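What follows is a group of structures, each given as structure tokens.
Two complexes come next, and they have one chain in common, chain A, joined by chain B in the first and chain C in the second.
Up next, the complex of A and B:
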């Protein structure tokens, strides 16, 4: 219980918000709009899972937003050319993995700091995409929306798939050797090396992993509307990093889990619709989200000081 | 070697072009039009209007620009046109300060310069063909919203951000118009979408469930219109809650045809190109001078001039009936 205090406190905050909404604005829980909003967050959850792994290894990837845009546009163009979903989906994942591999090679291979490398790839990919597309939308074939299912089934599939992935990855991180390697490298890379783990390989693979997940998330987003905006991933990196940090994954590596990241994501994501339902001015949105992040960081800071003593 | 070849080619091209202009100069005025980017559908539709004007006026129209929105490349093209000795240059500036040095140089060598769509520094051109004033956009949006809702009921707005200068300006004029003319309408919420279609969709979804009496969503940033439309469609409220806003025809066609979005407001890009050419030629012929209050442009009639801005006038409304005629 005490071990998971940090995650539970986020869950508690989320429960408090939802309880407040149930009293002051019960319309917040009308099933269809709520399902739609959850579906909108499903791709974000997938990327947040990857980001949690990256941060646990003591790295960061701020290029996910740009990778997301590039995968969205490329997958969209392939689909518009008549490629079937069964080819477009792996193509998008592979493209993401490839972009992630570039980050991974530079970071693990050349031992460059991840914040600088991914800043560079973030800017390069985004500007490259702007150059090619000039902001023009890609129109998708109708068959792609909801993967050809009805809207309701499509939404349930997307939400269900992202939750299933979360559960599977959370279990894998805890019980599989690969998952424990990630924690080991983030806690102490040198100790991990002495224990026979290859930290650089783990780091490389984690970046490939988040790239592939970003490609998957891009597809999950494409299925939700009939056209894609080249700007679509802008700001995604901040959203997922914030979710992960609020959820108790330590930016210094080695600590935290996916359940916390999930709770953090939901907490931050419900701020905007909650304000809309309470008819509070939108100016508060970013301020409240910022305050939540600050609170989380301060809590972590106090905790680690206490631990050191 | 490559460089020498390049120089030879440029020299050849300039020579050839000057021969062409020389032979044409006796009879025809040469107007050079410089878009931000020549492949962009928006500017291609401007060119359609410019071509029409060129034909009516019997002038030669050169149309060239960067293939991407590249400010340095725009300067290069202007330099080339100075060498060529064209009569008029009409520019949509990618970079206000960046292009102005080249334009001043062009004016010094006797070329008349006007701007359209995006202005340069005021001393680098004689007139700016202004496609839309904030007041025109604000009133156009509010009047159309009122028309769609019979001037009563609740509506919500989606903006790009709460702080962007142009958005604030438009919002100010929308709210002023609302207060002045439509007392039975009520603006219940203003939500930012960060210029993201996907965020606009989430915002609109929340707006719909939070405001059951909502009759219309107005988006004043272009990604906001299709985003709001997708939310209304997914909520099964097509027709019940109207969608309209400031946007581009191509991004909204499918929703307009599906009856989700009623009106998309912008300016008529063809008219913009047409007016720019007419104004440029009039300046070259000394028919349009500083201080003029109005200007007549062929079949489009008379336009107002405020200061050195020629105003294209009321925004244009794209709807089911006409949206397919536009491709940008």
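Up next, the complex of A and C:
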């Protein structure tokens, strides 16, 4: 109980918000808007799962937004050329994994700090994409829209798939040896090495993993709109990192889990619709999200200070 | 009556928790004197320095500086009173130039004042010239070699007008030429009335440089002598002193005849290990003795594939090994319980059970799907078998005492069912009870046929526990002695002298 206090407190905050909404704006709970909200957040959730793994390994990846844009545009172009969904989807995932592998090679192979490497790839990919595409939108074929299903079934598929993935990965992090390795490396890479684990390999794979997930998330986003613009992933990294940190994954590595990251994501995602329903100006959204992040970080700081005493 | 000594310590006591590091040490240092401090690892030398430099507060006794009693010494006041310490590892800012580093220590300007760069450079140049160091004040510290950085530290001590300079193994990383330079600097300091406390394991340096020598043993001073009144054998006798207490469990069986591990001319350029050859038989405890920096941990790191050997041959049960990574070592049945257990042996944030299975994931979880039930059973077995005092397999490593953490670290490697177990300082900082329990466990493991390499700086431990003792020094094996040898012989071999009385 005490061990998961941090996750439970985020869950408590989320419950409080939902409870408040139930009293003051019951309309919030009508099924269709709620489903739309979850659909919009589905790609973010997938990337957040990857980011949680990266941060647990005591690394960070701020290039996810740019990777997302690149995957979106490339997948969109392939689809526009008439590639079927069953080929575009793996292509997008592979592209993402390849981009992640570049990050991983630089970080694990050359032992460069991940914040600098991913900052560089973030800028390079974003500006490269702008240069090539000149801001041009890609019109997507109708067949891609909701994977050719009705809107409602498409939404259900996306939300269902993202939640299923979350559950699968959360179980894997706990029940697979690989998950143990991620936690061990993030807690103390040298200790892990002395226990026969290869920290550099784990680090590399984690970056490939988040790249692949970003490619997947890009596809889940494409399915939701008739066209894709080159800036589609802008700001994704901040959103994802914020969700993970609010959810109790320690930026210093080795601590946290995916459930917390999920709760953090929902808490931040609820802000905007909650404001709409309470008839508060939308300008407050970012301020409130910022306050939540600050609160989470301060709480972590106070807790670790208390632990040190 | 002679003038009051520069520094006088009277009945100094320092405890760390229950460990008594200093138990009433008397020590004095006169102006214009080089006073050597000698003792085994853990005899209390570093603690003494930490107290004198104000880094740690003593629990009892007095410190008198030039006749004045000082209470509440802090690093800042110690520096203001003219105490400078040159550590083995220089504490300089690597990205700043030499002149800037010196200025940071020596100039006391407010943040807003203008910096006189010309004066700063000139001063650095003058200080470096005084010690005969050919270092440019403009050089970045990161571009300097370790001995050059040490010279910068000395320049710094000189510039601060220090009256007492403490040198902690200053020659450990110096070449012959640099040593002579350093000796000249020390003699120069002495001529100028500075008192030097000189810590070294190299007896010949002490005889070449020091005026007096004080030997510490078990946190007590066991004698101060003028260097001219004592010889090497006498010093070794003082250092070792006590008899090996009979608290070590006796060997229950003679080691078998099958050779488990064999090393022939093993060396590693990077870590400075050269030409090490020995054999360890199954069921044998092979002790590795020597002083800090002798190359014992470095040798263990070679055997565990952390710093692969670049020469020589290693065979385990007749099979030649190439050990290029810890994975190789683990695959061949080599286990290494590292020295710094809080840092490397146990991941403190993780539960005991996770820690115990960390090295055996591939074998223990063949489907990679973790079997929590089996993990728990294994952890409970080890907790019972090694008598780990804990609230259960889910308790985090951080909740355990040092001795119990060590047992968890040991359990992790016993779980791999190793053929060779390397223990690096297994009882360092462990209380007496847990220590003897660990000794019994190690004995039992040897009886069960495991080949054990026991690295220990605790001389009685290495002598009492080992079937044979390899004594290392300067990165190579200096001697192989039988277990239960005379401590004087072991110390003499470690110091690289003939130990005349023993011969």
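Everything that follows uses one rule, which is that the second predicted complex is superposed on the first by the 309 of 309 C-alpha atoms of A that agree within 3 Å, B and C clash if a C-alpha of one lies under 4 Å from a C-alpha of the other, contacts with A are read in each partner's own complex, and residues count from 1 in each chain.
Criterion: a residue touches a chain if its C-beta (ideal position, glycine included) is under 8 Å from a C-beta of that chain, and two chains touch if they have at least 3 such contacts.
Given the structure is predicted, the values throughout are model-derived calculations rather than measurements.
Chemist: Is this a clash or a fit when chain B and chain C both end up on chain A?
Modeler: fit
Chemist: Which partner chains sit in contact with A:191 here, chain B, chain C, both or neither? Use first/second/both/neither.
Modeler: In the superposition, A:191 touches chain C alone.
Chemist: In the overlay, answer first, second, both or neither for which of chain B and chain C A:175 touches.
Modeler: So A:175 only meets chain C here.
Chemist: Please indicate which partner A:25 is in contact with in the superposed arrangement: first for chain B, second for chain C, both, or neither.
Modeler: first
Chemist: For A:183, select first, second, both or neither according to whether it touches chain B, chain C, the two together, or no partner.
Modeler: A:183 sits against chain C, while chain B stays out of touch.
Chemist: Just chain B (first), just chain C (second), both, or neither: which does A:283 touch?
Modeler: After superposing on A, A:283 lies in contact with chain B but is clear of chain C.
Chemist: Once chain A of both complexes is superposed, is A:302 in touch with chain B (first), chain C (second), both, or neither?
Modeler: neither
Chemist: Where does A:137 make contact in the superposed view: on chain B (first), on chain C (second), on both, or on neither?
Modeler: first
Chemist: Which partner, chain B or chain C, touches the larger number of chain A residues?
Modeler: Of chain B and chain C, B contacts more residues of chain A.
Chemist: How far apart, in Å, are the nearest Cα atoms of chain B and chain C after the overlay?
Modeler: Taking the overlay as described at the top, chain B lies 37 Å from chain C at its nearest C-alpha.
Chemist: Within the complex, which stretch of chain A touches chain C?
Modeler: Interface residues on chain A, with respect to chain C: 174-178, 180-181, 183-184, 187-188, 190-198, 254-255.
Chemist: Taking the complex as given, what residues does chain B use to touch chain A?
Modeler: 37, 40-41, 68-69, 162, 188-192, 194-198, 201-203, 205-210, 212, 223, 226, 230-231, 234-236, 250-251, 254
Chemist: Where on chain C does chain A make contact in their complex?
Modeler: These residues of chain C touch chain A: 304, 306, 325-327, 329-330, 336, 338, 343-347, 349-350, 354, 358-359, 361-362, 365, 368-370, 372, 412.
Chemist: What does chain A use to touch chain B in their complex?
Modeler: 25, 27-28, 30, 32-34, 36-37, 40, 131, 134, 136-137, 139, 151, 221, 224-227, 229, 231-232, 234-235, 272-273, 276-277, 279, 281-283, 285
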